[in-house]
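Both complexes below contain chain A, partnered by chain B and then by chain C.
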Partner chain A sequence: MMGPGITRTTDGLRVRDLTVTFRADGRDVPAVRGLDLDVRPGKVLALVGESGSGKSASVLGMLGLLPPGTRTTGTAMVNGVDLLSLSSAKLRRRLGKDVAIVFQDPMTSLNPVHTVGQQVAEALLVHDQGLSSRQARARAGELLARVGIPAAVRRLDDYPHQFSGGMRQRVMIAIALANSPSVLVADEPTTALDVTVQAQILELLTDLCREQQTGLVLVTHDLGVVAGVADDVAVMYAGRIVERGTVDELFYRNSHPYTQGLLAAVPRIDLADYEPEPIPGTSRSAAGVDVGCSFAPRCSWAAETCLTDDPPLQDLRPGHGVACLRAETVAAAQERKSR
Partner chain B sequence: MPEPLLLTGAPRQSRSQLRLAMRRFVRHRAAMAGTVVLVLVFGASLIGPHFTPYGFAELTEDYSQPPSAEHWMGTDAIGHDLLSQVLRASQKSIQIALVVAALSTFIGVLIGTVAGYYRGWVDTLLSRMTDLVLVVPVLAVLLAAANSISQRGGNWFLVAILIALFLWPTVALVVRSTVLSLREQDFVQAQVAIGASDVRIIVKHLIPNAVGPIAVSATLLVVTAILLESSLAFLGFGIAPPDTSLGKLVAVGQTASSSRPWLFYFPGVVLLVICLCVNFVGDGLRDAFDTRRSGGRA
Partner chain C sequence: MIEVSNLVKTYPVNHRKELTAVGGVSFSIREGETLALVGESGSGKSTVGRCLLRLIEPTSGDVRYRGKSITGLSRRQLRPLRQELQIVFQDPYSAIDPRMTIEAFLAEPMQVHGWARPDIAVRVTELLVTVDLGPELAGRYPHELSGGQRQRVVIARALALRPRLLVLDEPVAALDVSIQAGIMRLLSRLQRDQGLSYLFIAHDLAVVRQLSHRVAVMHRGLIVETGAAKDVYTFPRHPYTRALLSAIPMPDPRLERQRKRIVLSGDPPDPADRIEGCAFRSRCWKSEEDCSKEEPTLTAYDTPTLVACHHPETEPAGIGAESRS
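Our next item is the complex of A and B:
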């Protein structure tokens, strides 16, 4: 699972210096401030962070899916093409083919007036004009079977309202993976679902992506989920990545106070008398951050310099980056604690 | 045990919203009655002339006859058989109304969807245009134009096109506001994300979801078109003689309503019945497509 040179992207997705600035009430609202991200083919990258940290803004931004008026800068390379440099018509030809996305709410992501079969077939037809509608239908049946819909072919002619939430999210996954994209983004794909099916859907998603060598960006604020399915983790705070690395690095050698806070806040059923400990203070977005570390006001490690100097994201070890001026101290303390 | 029944209600039955709407429409008594009567009237106006003994433009020897076995609806002062004329007039009026409804719905849907989908300056431009046409004194402009049409032989098709050019704004407004709210729905974003083109999104996803409001405003246009053509005819413009329309017959008949009331009442009643029936159909469509009654979330 681990190895040297893990941050080098061959195919996958390579995002550099992404910024997203919303426009609201005539004012600029920064949401993402210089984000770097690498998604390896067939691997799962979890993007975690509290609400408002800019996770959705980042993933929608790199696919060019934000509302008009939003300013997005930086690069997002997929298969040798920078998505952010494309005209909207050219970008449309890449979406669904090279990169795809699964949204949070499957109840509203399907058009109520068309059958599920039509909508899966459409995902194929949009990118392959040579396909006959009969071929598309046959492929749609296969795709639905692949995402675990029972009696898939018989359900092609059913309408979305005849599917449960979990089944609809399976349909959305079938649609997203229809053209075997290099990268799939899933923005909290299970939060809108019944707790009982969340794990199944997540497993399906990660299994299929691994199987077909699709790199997966899994947006979530559930660190418990991350441990089980992700290969790499990137932790976001106030529109920036504050720590990133492999799952093992992040869980056992985490060096950012925010990551540690997030982990301490996860309820654990495996430890009998474990008290989850929320991070003091409230989460903040990128808006209004001017100088110093954005986490400093909530950080128990904060020193003078943290309030004035911007911490750059630096590799503590190969493949493990931290944006904290006191990372070494924090890491050392963590090591002592776990020993 | 009603609960489990509810849960498993019709799981295998594939029913589209369109089919659901159709079922509700069929159950709407007034709407169904209206549909049947309209079909009968239009059918009669198309087939009837082949069976009546007189042509609509034919001048008989019977002047100003009240209804009789020979002339079921009587005759006018120069010997036209009124039944033949009413049949012909219904045919023309309905044809005009249908062409107007089809054409102005087409223009309205086109402009409404483009404005609602693209928003921004495209919307501003199209909405200004819509407002402009909306405030134009339709009758005055139509009169001027119809005048020249009358002089060029009074082709009913031209009259229809002309009316349609002024009636599309109501459709455009309805469609625009429907599309504005539809395009915010997740499934439109999901379509963008799979790479569907704008045209595809508009044609396959937005318009099908707006069928209800479109159908309702289209039926209302039918009534407006018939009445507008009648007003034109009333003022002496539009279809040129010897051809005729219901509005024209009513206009002519009204001048004689005291001495020869049949000339006014027969075409008048047919006109009224058509308009009422179309309204019933419109009501039925509105109820049928009412999403709040569709049971389950859309």
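Our next item is the complex of A and C:
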């Protein structure tokens, strides 16, 4: 990690036309269909969706982390390099240095038979052959202190099982940010943690990323988390982005019926008589989509054309894109309602 | 209707140490009422739910159903009561035997209790309709159903023997948010229509807000605050309740920016460690010397909730329960 005051020149992450196709039972099963994403340096982009929306497949795909047999096409540019064009050996050298990832479950992400100090030091040594093991250990201690582990240097020789879930996730963040990557992907990083610990970890993650100008892709299903930490938001449904924009545009001027449905379904801690609204029907993955809008079967706004025509993701306003044939009508209704 | 007094459950860790999962918990649930039992992982909330149905044998304490103690009953004596007390677990994927049709899964409890075959057939259809599923689902297998549909099937089975109380152990925690709302509505309607009582176990105070009449907050095996839902949500007095409420993010960026969130420092203490005094004190911003000496017990102050704290908060909570002190 860089010290404060150091800035970096980077354009963040630029993903274009990403598709991910799995192979199952001899058939092609699409998971992501033509995804464009821009992650700005030092900003938080929340990638929101429910199970099966393709949000995890998207981020794993753009980092080349999907198993063999999966077909990934498109481009994912970081620091002038397209990650998807690299051989696996070259990609490995980029991972951790240009882009890093933190997963949901800190229990299985750490190696149980190595000390935490060894694992953080290893992350440093992989990308810096000039570092001595003593230097790496010292840096590991600094990194653990940086992510808020009390008595960090003393804990270098402890094993993962001696840490709590929240502390393990801190270790994972230290490893991920060890080489000051341009982009960090965090896939549901707090979902496995208790709610009081979740707040601490999110704060740590976003503070560190802002400080060192790392662009953060936060994959989450929790719209409360999004409202609290995101700068930009992209909502996914059935393998596509259906709406994207700044966090305020998405929460206050949303124009896709799915985004609206998702927001209306969230229970509220601050409203006594608020009854969350379910979205009718069953959510579908990209696999079940042939023609038309994938949300149309559950959509109260759906018209005839929605069942036959593909809605392109178009800017309704500068920087606010919506993939809905009826976006303008939906937006007008939303304006009236909020007035 | 059900009354729990001084329920304790301990587990041996090794020959010297003992883990207290539940350290003396008392509450009651009335007819047609929902008590939300809320806490983080390891707080003992699920253990309480299981002890209530004697799926786990409590170490000590008493559970009375309609005035009659059920803790001393033999398995056989317990059997008629099993019809009236049922449980719904979190994960609808592992709850249903994948080789069973939905019909067979729903019929099983009625077969065990000796129902006649025609009665069972009628009841299966009735149950599917009650949980808003089409009767044509009877012949399907669980893998053909979505998560939300499965949880409806699990709820239908819990209703098969016409219970009076359901223990709902995080029934929507594994479901997508757009599906959760539908299940919560269903539970609310079932309660209204059938006068059911619920013990709703949850880690998320937002999810249970609309359904709960009363709330009990658990921390490390003890209830630290309890009262009517509106009081617990708007004027929580225990610092831990405030921290829990404050930690829940709200889907509103402007409100989120205004909030002064209470961020607890440190981790929850290890459940196997013995702590003198208040178990929350290591993470509490209000703790003083007396907190390490004497364990606080549930006490009525001049506000409506009961709270186990030597230094309870004195002002109502702001948005999302931020402390104003």
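Convention: the second predicted complex is superposed on the first by the 329 of 339 C-alpha atoms of A that agree within 3 Å, B and C clash if a C-alpha of one lies under 4 Å from a C-alpha of the other, contacts with A are read in each partner's own complex, and residues count from 1 in each chain.
We adopt the following convention: a residue touches a chain if its C-beta (ideal position, glycine included) is under 8 Å from a C-beta of that chain, and two chains touch if they have at least 3 such contacts.
From a predicted model like this one, the values you see are computed outputs, not experimental measurements.
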{"item": "Chain B versus chain C as contact partner of A:L263, first or second or both or neither", "value": "second"}
{"item": "Which superposed partner A:L66 touches (first chain B, second chain C, both, neither)", "value": "neither"}
{"item": "First (chain B), second (chain C), both or neither touched by A:S283", "value": "second"}
{"item": "Partner chain in contact with A:Q200 - chain B first, chain C second, else both or neither", "value": "second"}
{"item": "Which superposed partner A:A100 touches (first chain B, second chain C, both, neither)", "value": "first"}
{"item": "Partner chain in contact with A:H161 - chain B first, chain C second, else both or neither", "value": "first"}
{"item": "Greater residue coverage of chain A in the superposed arrangement, chain B or chain C", "value": "C"}
{"item": "Interface residues of chain A shared between complexes with chain B and chain C", "value": "none"}
{"item": "Parts of chain A lying in touch with chain C, wherever the complex brings them together", "value": "50-51, 150, 164, 166-167, 194-200, 203, 221-228, 247-248, 251-252, 261-263, 265-270, 272-279, 282-283"}
{"item": "Chain A contact footprint on chain B (complex, rising order)", "value": "11, 14-18, 119-120, 185-187, 189-197, 200, 204-205, 208-209, 296-298"}
{"item": "Footprint of chain B on chain A - complex, ascending", "value": "63, 65, 68, 89, 92-97, 100-101, 103, 105, 107-115, 122-123, 126-127, 157-159, 161-162, 172, 175-176, 178"}
{"item": "Chain A-touching residues of chain C, taken from the complex the two chains share", "value": "40-41, 146-149, 176-182, 184-185, 203-207, 209-210, 230, 233-234, 243-256, 261, 263-268, 319-321"}
